[in-house]
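Common to both upcoming complexes is chain A, partnered first by chain B, then by chain C.
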Partner chain A sequence: MSLVNFTTREITCKLVYYGPGRSGKTTNLQYIYQRVPEDRRGRMVSLATQTDRTLFFDFLPIELGAISGFKTRFQLYTVPGQVYYNATRKLVLQGADGVVFVADSQARQLDENIESMQNLHANLLEHGIDVRTLPVVLQYNKQDLPADLVLTPVELDEAINFRTWPSFAADALKGKGVFETLRALSERVLRRLSEAESA
Partner chain B sequence: MTTTRAVEPWTLEPLRRFVAEAGARLALLTTPAGQVIAQHGFTRAVDVMAAAALGAAIAASTAEINRMLDEPKFRALTHQGVRHGIFLANFETPRGSMLALVVYGAGSSIGLVQLFMEDLVRELAAAAPVREAQPRTVLAADFERDLNQSLASLFGREI
Partner chain C sequence: MELNRLYRFDTFVVGASNQMAAEAARTVAESPGTAYNPLFLFSPTGLGKTHLLTAIGHHARQVAGSIAVEYLTLEEFVEAFHAAVAAGQSDAFRKRFSGLDVLLIDDVQFLTHRREMQAELLRLMGELQGAGKQVVLTSDEPPAAIENLDERLISGFAGGLVVDILRPEFATRLAILERRARDRGAQFSAGVLEAAAGPDVANVRELLGLLNRLVAFQAVSDEPLKAESVAALLGLAAASPAGAAGSAPAAAAPAAAVDEFSGFLSDVTSVVTQQVEAWRRRIGEAILRWEGEGYRTARLDELLKRDTPAGAEAAVRKFEADVERLRALETEIAALDSGAAGDAVFRNPDRVADAEALVQRAREGLAPLPGPSLLWTFEEYVSGEVNKVALRAARAVAESPGTRYNPLVLVGPAGVGKTHLLHAIGNALAGRAGAAVACMSARDFADELAQAVDGRRIESWRTRMRRATALLLDDVHLVRGLPEAQEELFHLVNHLEAAQRQLVFTVTTLPSEVGGFDERLSARLDEGLLATVAPPDRELRLAIVRRQLEARVGNADPDLVEYLAARPAESTRVVIAFVQRVLSAAEGQGAPPSASLAREIFEGAAPRLRRPTPGLRTSGLIVSPTAAVRSREKLVWFWPDSKDRIVEDLD
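Up next is the complex of A and B:
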């Protein structure tokens, strides 16, 4: 849940990158880390196995600057995508203000995308979070691979985006779609915060 | 120069007293989700967030193991290193659950930290204000313009 302090005029929001194993969640954070000026980001913390698979989470804090007079910070987390790390995945999801679902566009990964999307719904439900009101955006990563290996964004929308969340084609390794995804989620999270407080 | 800083102002004095009495080098109060409430000794706001995320992760995973074993909620964890000790406590306040992450050096001890942690919890309970009404609006309706400018400057390009 966002932390809003009216005295110091600061907002801190938690954004979680979710999705199946090897879909590119850590790659998104690594690209953001490389591109954001040093004085606007913190250390990137990765709790990973020796083979660099995410074990618990990756974490990257970034400072957006002033939004409507509030110093705004985002805490970006990834979850471990592998199926058997569900317990830790659920912990990272706790207190999330918004979710980026990073799908692997490869046709052979479709079942993993669907399973991970179902798992996201189940874990949000266990935290008592209403998935209908939580800001979520989808990113269809690896769209740079040969066309015969990947599903198109339209096909992926039909397969996993039954809530018609905003979706973005991406090639996270080269950065395509990374900022657009983050921007879309940022806007939705801040809009929800604004609406919730003024309701 | 080390500083003590609080996002929630009512936590500032209790934390200052704790740091002085327990001889803590670093101290951090957070929510269970890792949001920073107050801190002492960290020099960069963004680094303190990494420590908060790691502390919250340790607390969350330990609590989950406790739950699996049907054990009561843990109160504190400690690790004694060669140069530093780390103490992580989990406690309730009238404003909700909090975590305290404390790093201490040779000038202190786990006993001192534990002793004054009890005082800190008591003082926080006494200092916690009744939940005040917040202003109805946080962000202006046209916050998108600020957001676009911030993201553009953050990523060094037009978005």
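Up next is the complex of A and C:
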């Protein structure tokens, strides 16, 4: 997918929310969905199991209107976190312009976070995407839980953020840190526009 | 020219449209020659250029006290120049302007198509700027838009500060009206001047015209003028002054709820705006930069019309590479041919090929000058009574070129050794440090000139010829009947003579007796020393024969020498031919050359000749191991077989 199309004067950004199961990826999208004016958002598509866990993926299109003459559109996706849905994850990851890695801050979820981060690297590698150039931000969700249950952002940075990507503490249910994360990733993705042009 | 006393800074209304120009003008007036030099103001007519230009003059005088300021329009400048040239006082003209501290020239757009004036202004600007003196110019167009302007002037103008004055906006229009109304003691009701200032005007004069009508109307009416009636009075479309001014702030947007999505949208908008048009910005910056330096940017302008940035970066890089190439070429041609450096091709990256060709022509024009033949030296020259004056003059010229006899004209019939002497002088002069000797036949001179005219490189050809420290022209009478060549030669002679370069000519008869010869040219030749070279007398013939035989066979049989020298000969060339015939016959018979053999040749039956070896025969040119390489027409006598001999008129 091309990020910017000068012929049709369109900019399309595909952002993927990645992370272990139950870390809050869909919650992020739901919060965003609620804050986007109705005329600018598409229908949020969510395929879920009966127990309300994402089986396939969530998809939220956002129309930002014409910016500098370019019709600008964001497409937000989540991947299913559960380990056995890797094929779906790979599919969703294809053509991503940026990734939000949503980590579950609970101490007991650390291994899942690490495993999911490794899985992200593996899948990007399979798609031939250079993880060093792909815009990625981290979100440490559920920071609102009691302090003895969660790791601090510093601890989480040490555990999973070895690439020193930007990271944000969040409470997605209440919306804290949701837009900060999205803005940070969007900016990094859009900054690559001019690089894409000259390519 | 006297400065208009009304045009001062304190009578100039400054607004957003002219603020930069006014500040630049004031800076220049306060410290001439230091800040912006030259200062170039441009705008459509009636926006205050002349006012600012004059104000600079007043203020500079006020600040510095005794300071030489001259204001004049370009037309006056041109007239002054032409008058000076007509009176033969161009030096006085230059002195008049080069002594100034501040030179103010109005309306320089009239420089268009005036190459001579452009060159003069370029020279004057260079001189004034070099001396730290201020130059201020105004025009109704930016420098690059003035048609047919020397590119060096364009960059010269752009090298200081080029600033434009825009049409006055509402606030300035109102301020101008208020100021002028006050100056005229006119009082208006509230809102009247605002209404008059409402409509856009092309220039300040138009605005003052409106004021005149208001003043006139108020003077004849009983009641004070009302704001509502201004539009009708002035024939303007009814429009609220503020609205017409375009300065009314847009209705304040309702306080937008600064929610999270708005923040996000605003972020995205700013980044996209920055990024998505990055290529256009890049091109825009390149256009500004190169246009500022006086280069044509049509190619970049075309790029901006595209929808996609594909290839834009590469195109900009190519453009910049072309500009670099043009700069290199311009530098090179400035050294080769300064006149060509101002050519517009050096500022047009779309014409690099033309620029290359121009430089190539200039390079060709600076090909080495045709030098003298190394084999014709003073040592080889056989002197006698008939040529001793010419030889002495030639040696004097070789010792002190340009000062003793200039020009030196060697007069004598064909074959008496004028060419030898000419080349001998050339060789002696060429040995001097820094010498560039042009030694050629007049026929070659005319041919080269014709080629230069055909190849449109006459300027570089002239430059090349004028580099010569000595011009030695053989058979100058050959340019008779060729008016262009004579004209060119006349100017070249003048130029070289003025620069005290040595001139030497050979001619078969006295210059004044050569038919079809430009009188001015023959007068120039007559002014020099005419040294006659007469046909060889017996004494000289003896010497020549002796020298020839000794050079070729190592000894000279006295009888043979005596016999050959006794034969009548009109030129040294014929004497040499006698020797040559005897030597060839002797070689054919395998016998030494002798008087009896000579008698047999010249008085009895011709002896059997041996064919020369093929290597020695060329198409009319014979390379003799001892003699010089000589021109075709002068060497036919070397041809041993009379049947093959080409006989040409050597006149």
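Criterion: the second predicted complex is superposed on the first by the 188 of 199 C-alpha atoms of A that agree within 3 Å, B and C clash if a C-alpha of one lies under 4 Å from a C-alpha of the other, contacts with A are read in each partner's own complex, and residues count from 1 in each chain.
The rule is short, and it goes like this: a residue touches a chain if its C-beta (ideal position, glycine included) is under 8 Å from a C-beta of that chain, and two chains touch if they have at least 3 such contacts.
Source: prediction; values computed, not measured.
Trainee: So if we stack both complexes on chain A, do chain B and chain C clash, or do they fit?
Mentor: Clash: chain B and chain C overlap once superposed on chain A.
Trainee: For A:Leu15, is the partner it touches chain B (first), chain C (second), both, or none of the two (neither)?
Mentor: A:Leu15 contacts neither chain B nor chain C.
Trainee: So, does A:Ser68 touch the first partner chain B, the second partner chain C, both, or neither?
Mentor: Touch status of A:Ser68: both partners.
Trainee: Would you check which partner chain A:Ser186 touches, where first means chain B only, second means chain C only, and both and neither mean what they say?
Mentor: The answer is both, since A:Ser186 touches chain B and chain C.
Trainee: Taking the superposition as given, does A:Leu3 touch the first partner, chain B, the second, chain C, both, or neither?
Mentor: After superposing on A, A:Leu3 lies in contact with chain B but is clear of chain C.
Trainee: According to the stated criteria, A:Val102 is in contact with first (chain B), second (chain C), both, or neither; which is it?
Mentor: So A:Val102 meets neither chain B nor chain C here.
Trainee: Tell me the contact category for A:Val45 with respect to chain B and chain C: first, second, both or neither.
Mentor: first
Trainee: Give the label of whichever partner, chain B or chain C, reaches more residues of chain A.
Mentor: More residues of chain A are touched by B.
Trainee: Quick one: is A:Val36 in contact with chain B, with chain C, with both, or with neither? Answer first, second, both or neither.
Mentor: In the superposition, A:Val36 touches chain B and chain C alike.
Trainee: Just checking: does A:Leu138 make contact with chain B only, chain C only, both, or neither of them? Give me first, second, both or neither.
Mentor: Neither chain B nor chain C is touched by A:Leu138.
Trainee: For the superposed three-chain arrangement, which chain C stretch in 217-225, 271-279, 379-387 or 505-513 runs into chain B?
Mentor: The answer is stretch 271-279.
Trainee: Identify the overlap between the chain B-contacting and the chain C-contacting residues of chain A.
Mentor: Looking at chain A, the two contact sets intersect at 4, 6-7, 11, 35-37, 40, 64, 67-68, 70, 72, 179, 182-183, 186-187, 190-191, 193-194, 197-198.
Trainee: Which residues of chain A touch chain C in their complex?
Mentor: Its residues touching chain C are 4, 6-7, 9, 11, 35-37, 40, 64, 67-68, 70, 72, 74, 175, 178-179, 182-183, 186-187, 190-191, 193-194, 197-198.
Trainee: Show which residues of chain A lie in contact with chain B when the two form their complex.
Mentor: 1, 3-8, 10-12, 14, 35-37, 40-43, 45, 47, 56-57, 59, 61-70, 72-73, 75, 77, 87-88, 91-92, 94-95, 179-180, 182-183, 186-187, 190-191, 193-194, 197-198
Trainee: For the complex, give me every residue of chain B touching chain A.
Mentor: Those residues of chain B that touch chain A are 7-9, 31-37, 44-47, 49-50, 53-54, 57, 60-61, 64, 134-141, 143-144, 146-151, 153-157, 159.
Trainee: Taking the complex as given, what residues does chain C use to touch chain A?
Mentor: My answer: residues 259-261, 263-265, 267-269, 271-273, 275-279, 307-310, 312-313.
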